[in-house]
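Input: structures, listed below.
You will see two complexes here that share chain A, one where it goes with chain B and one where it goes with chain C.
So, the complex of A and B:
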């Protein structure tokens, strides 16, 4: 794991921003940290970057405790945040010149092609750039160092669709060569780039999984019986939102496999007339899992 | 300009993986990719569709597992002859998917002949595409 947090706690005065957060990011993945506003996404990333210190629990980045990160690690990490401060009085070119010597891995050719692709005016002061341009400039400062880990905090909020596409396209070109940890409050924004997803709410992780596993393991199931449905006394693991209507039982199976489902249906019911299995849209998977884990049902 | 491997506009809300797998299967059935033809590399697929290379890799692995693609050492990944359907696939299509279509059709107020016409059009569209590519 290139990034891992265990039981992370962080409070601001009386407000507990992180309440036992545990996430694990595999090397080479693109991990999307999704959650509503105030869920603790920015705090998490700031703890990981050693901008904030956690009160309890641990966070490791590139195998090092976040509180002990040094230049050796930071030279392999790119960080782009929505509310990052860039030197307003420098031009993009001047700032890049300033950054270059800090990074042994800096790729000058890549820097040039990124500037061109993102259509960044190199001689305008950063303070005079629009929000979209500033975010593109921040990305242009992070990618040429060919980071092993790229941390992006809400990079798309406030960007128009066109700028977002440019940003995303550029990001994807290097996506295979690094690990990306990206936060967003909107699943639709990052689903192209993400290979893994962690959903957090109120400072806790509700679930994390790979995107492919996630869509593969959740199904909507309707079992039609000959007679009236008597719901099983012990609900099988992973069956959520059970509902009975006459001789039909419907539920969401969150640990679906064909074999497992037909086995559990056969052991729990007699006189099965039909079993209807349907995939569930990504968005519904999210709301289902988020709701049930929050209510402590799952 | 990157080349888009096959016609696909990714929609939000549905899994990217599922959408790409579906588009690939459609491309195989319509003869856009014929058996023996080289399938795009993971890198080309990712760049063309603007998706993460890991996701593209998973798609290719899945298509190999489902026997749509074959790995020829030294050559790369090539399209296989259409794999046999698994037991239950046909039945599922005839029952669930058709039921879903019928319910949805009735909901939006379509009539049976219109649905049959639409299915028949789509069917021959794929057949025609195939004929054009395999004279």
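So, the complex of A and C:
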């Protein structure tokens, strides 16, 4: 694992931001850390980058305890955050010139192509750039070093659609060459890049899975009966957000398999007219799980 | 990589650094042009104000350099870059030395040279001031800079610290409770300043290490808070400890060994001149005989601690006697100065003034007591004699530096202003002598002792200054000077300087006396 946390705890005064978080990111994967606001995503990434120190538990990055990360490890890590403060009085070009000597792996040609593709004005002071441009500048300062691990903290926050596309396009070009750890609310964007997803809430990991398995095991199901639906007294495991409208029952099955669903539906209902099963977008998976967690259904 | 980081900071702050360097140089040139007695006093004031602004600029530029790569901030980009803490520390220190301190040093050197001092003297003077500014301004600013993330935050913290200091120390301690600093106003005051400098150097080293290697901001801030408290409390260092340290640093240890102080009742009560104003506060005058004082020496009392006991040895009062505890009078009021003007070893007789709280005096005045006075004293020896024209003089005198004299605008005082890159005398006597050498005005003395091994000055400039005035004409007509306005042409000012050679203590014990016996003729 290129990133691993075990029983990670971090508190700010009385607020526990992380409560025993354990995640594992495989090398070469694109791991999306998702969760509602205040779930602890940014805190997790800051602990991993040794910007914050955990109270308890451990975090390793590139096989090194995050508290002992040195220049040797940081030379293999790219970090882009919506809160990142780049030197406002330097131009993009000046800052890239400043950064180059710190990285042995810095690719000058890649830097030029990134500047061109992202359409970044190199001679304008970073402080005078718009938020979107600053985010692109941050990405332009992270990709040319050809990082082994790229950490992105809410990179799409506040970006318009065009900038998001440009940002994602550029990211996807290098996605296969590195491990990406990304936290974001923009699940539609993440869906294109993530191979794994971890869902955290209130500082705890609720689940982590590969996207293939996650999207494979979550389905939106509509069961149409001959007569009026009477919801089962004991809801089968994994059925969330049950809704009844006349003779139609809809729910999200988070443990989907065709065989299991058929058996469950047949067991609980008579006079089945139709069973409609549809794949669920990551956004819907996230909102379903988030609501369930919030409402204490899970 | 330190050099690389330094270049980045210089690129970002070059304008501020250049403006500050220009200000230093402008001040140096302005001061040199104005001379010892500015022909346009307003420009002298401007130079003084600019000096304050420049010192504030030193602190702000240092803060700004630290904030380019703020340590406590969670959002700073450098935190996730492969930058070694040691490189960052070196870069910041180099910035401070090259872009903050070096321009000041160069400007001070230029000023020293423009004022006509030799290169070594100007260099030493500039280096001494540079070190003082480093310890008192730059390093504290660096400390604030390394535990804050913006100028606004640093100013807020500094303002809070200042308010806390004023509230707790000045108002709470000194004004409400009458607690006085132990060495303030004495020649030992430099010890506190030296402690500050040491605390700044050690504190900076510790906090920089903690911040850049461990990013322990809370601990660093706590250390700075504790260090600040220690710096404030250092002004209350126990006197005997401070004086013992000063004794070890004496230039001529043992020189005062023959000096003896004893109670000498035969001298009788003090006889103040007719018409003298009543003394401020409750004062008694103890007759003393001083023996063993070398010729042309000066004995100065730095502090006296008084203990009054009854016949059974029970302490009735204990306190500091050369300082009014009622808030009236001052250290200067009760200073004891003994000068040997006769042959060596001739005894000198003098009354030592001792301040007492009014209620203590009222309670004990008529009862038999034992008086114990622990005297902390410094022996000064005559250092050098100088002679310079009383008016229109502009001379260079070894040990005194460059000195100019003139008659003041009122036409009743001779003013002198001396300056030197290394040090100026802090104790001297002066006489005005007419051109024939036959008439002299009464001798005047000045002593503001400073026992520091190296005089430290940071304002207004790199030079140490001595300003002094001697009257020769009384417009009210009450005093007539032998060398008056009619003889001032060609008159000369004779200066005799004194240097501290040895520091020592003596205990004076007087048995079975009454305080009333030592009262002044005015009563107390």
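Here are some notes:
Methods note: the second predicted complex is superposed on the first by the 216 of 298 C-alpha atoms of A that agree within 3 Å, B and C clash if a C-alpha of one lies under 4 Å from a C-alpha of the other, contacts with A are read in each partner's own complex, and residues count from 1 in each chain.
Simple rule for what comes next: a contact is a pair of C-beta atoms (placed from the backbone, for glycine too) under 8 Å apart; a residue touches a chain by one contact, two chains touch by 3 or more.
Fair warning: this is a prediction, and the values are worked out from it, not measured in the lab.
In the overlay built on the shared chain, the residue A:90 is in contact with chain C alone; chain B does not reach it. In the superposition on chain A, A:102 contacts chain C only, with no contact to chain B.
Shared-chain residue A:172: touches chain B; no touch with chain C. Judged by the touch definition given at the top, the superposed model places A:242 against neither chain B nor chain C. In the superposed model, A:29 lies in contact with chain B only, and not with chain C.
By the document's definition of touching, of the two partners only chain B reaches A:194; chain C does not. By the touch criterion stated above, A:230 is placed in contact with neither chain B nor chain C. In the superposition on chain A, A:46 makes contact with chain C only, not with chain B. Residue overlap on chain A between the chain B contacts of one complex and the chain C contacts of the other is empty. Contacts from chain C toward chain A in the complex involve residues 1, 4, 8, 11-12, 68, 73-77, 79-84, 215. On the side of chain A, the complex with chain C involves touching residues 46, 49-53, 70-75, 77, 79, 81, 83-87, 89-90, 94, 98-99, 101-103, 138, 141, 151.
Residues 10, 12-18, 43, 46-47, 50-55, 58, 92, 95-96, 99-100 of chain B are the ones touching chain A in the complex. Against chain B, the residues of chain A that register as touching in their complex are 28-30, 168-169, 172-173, 175-176, 188, 191-195, 211-212, 214-215, 274, 276-279, 281-283.
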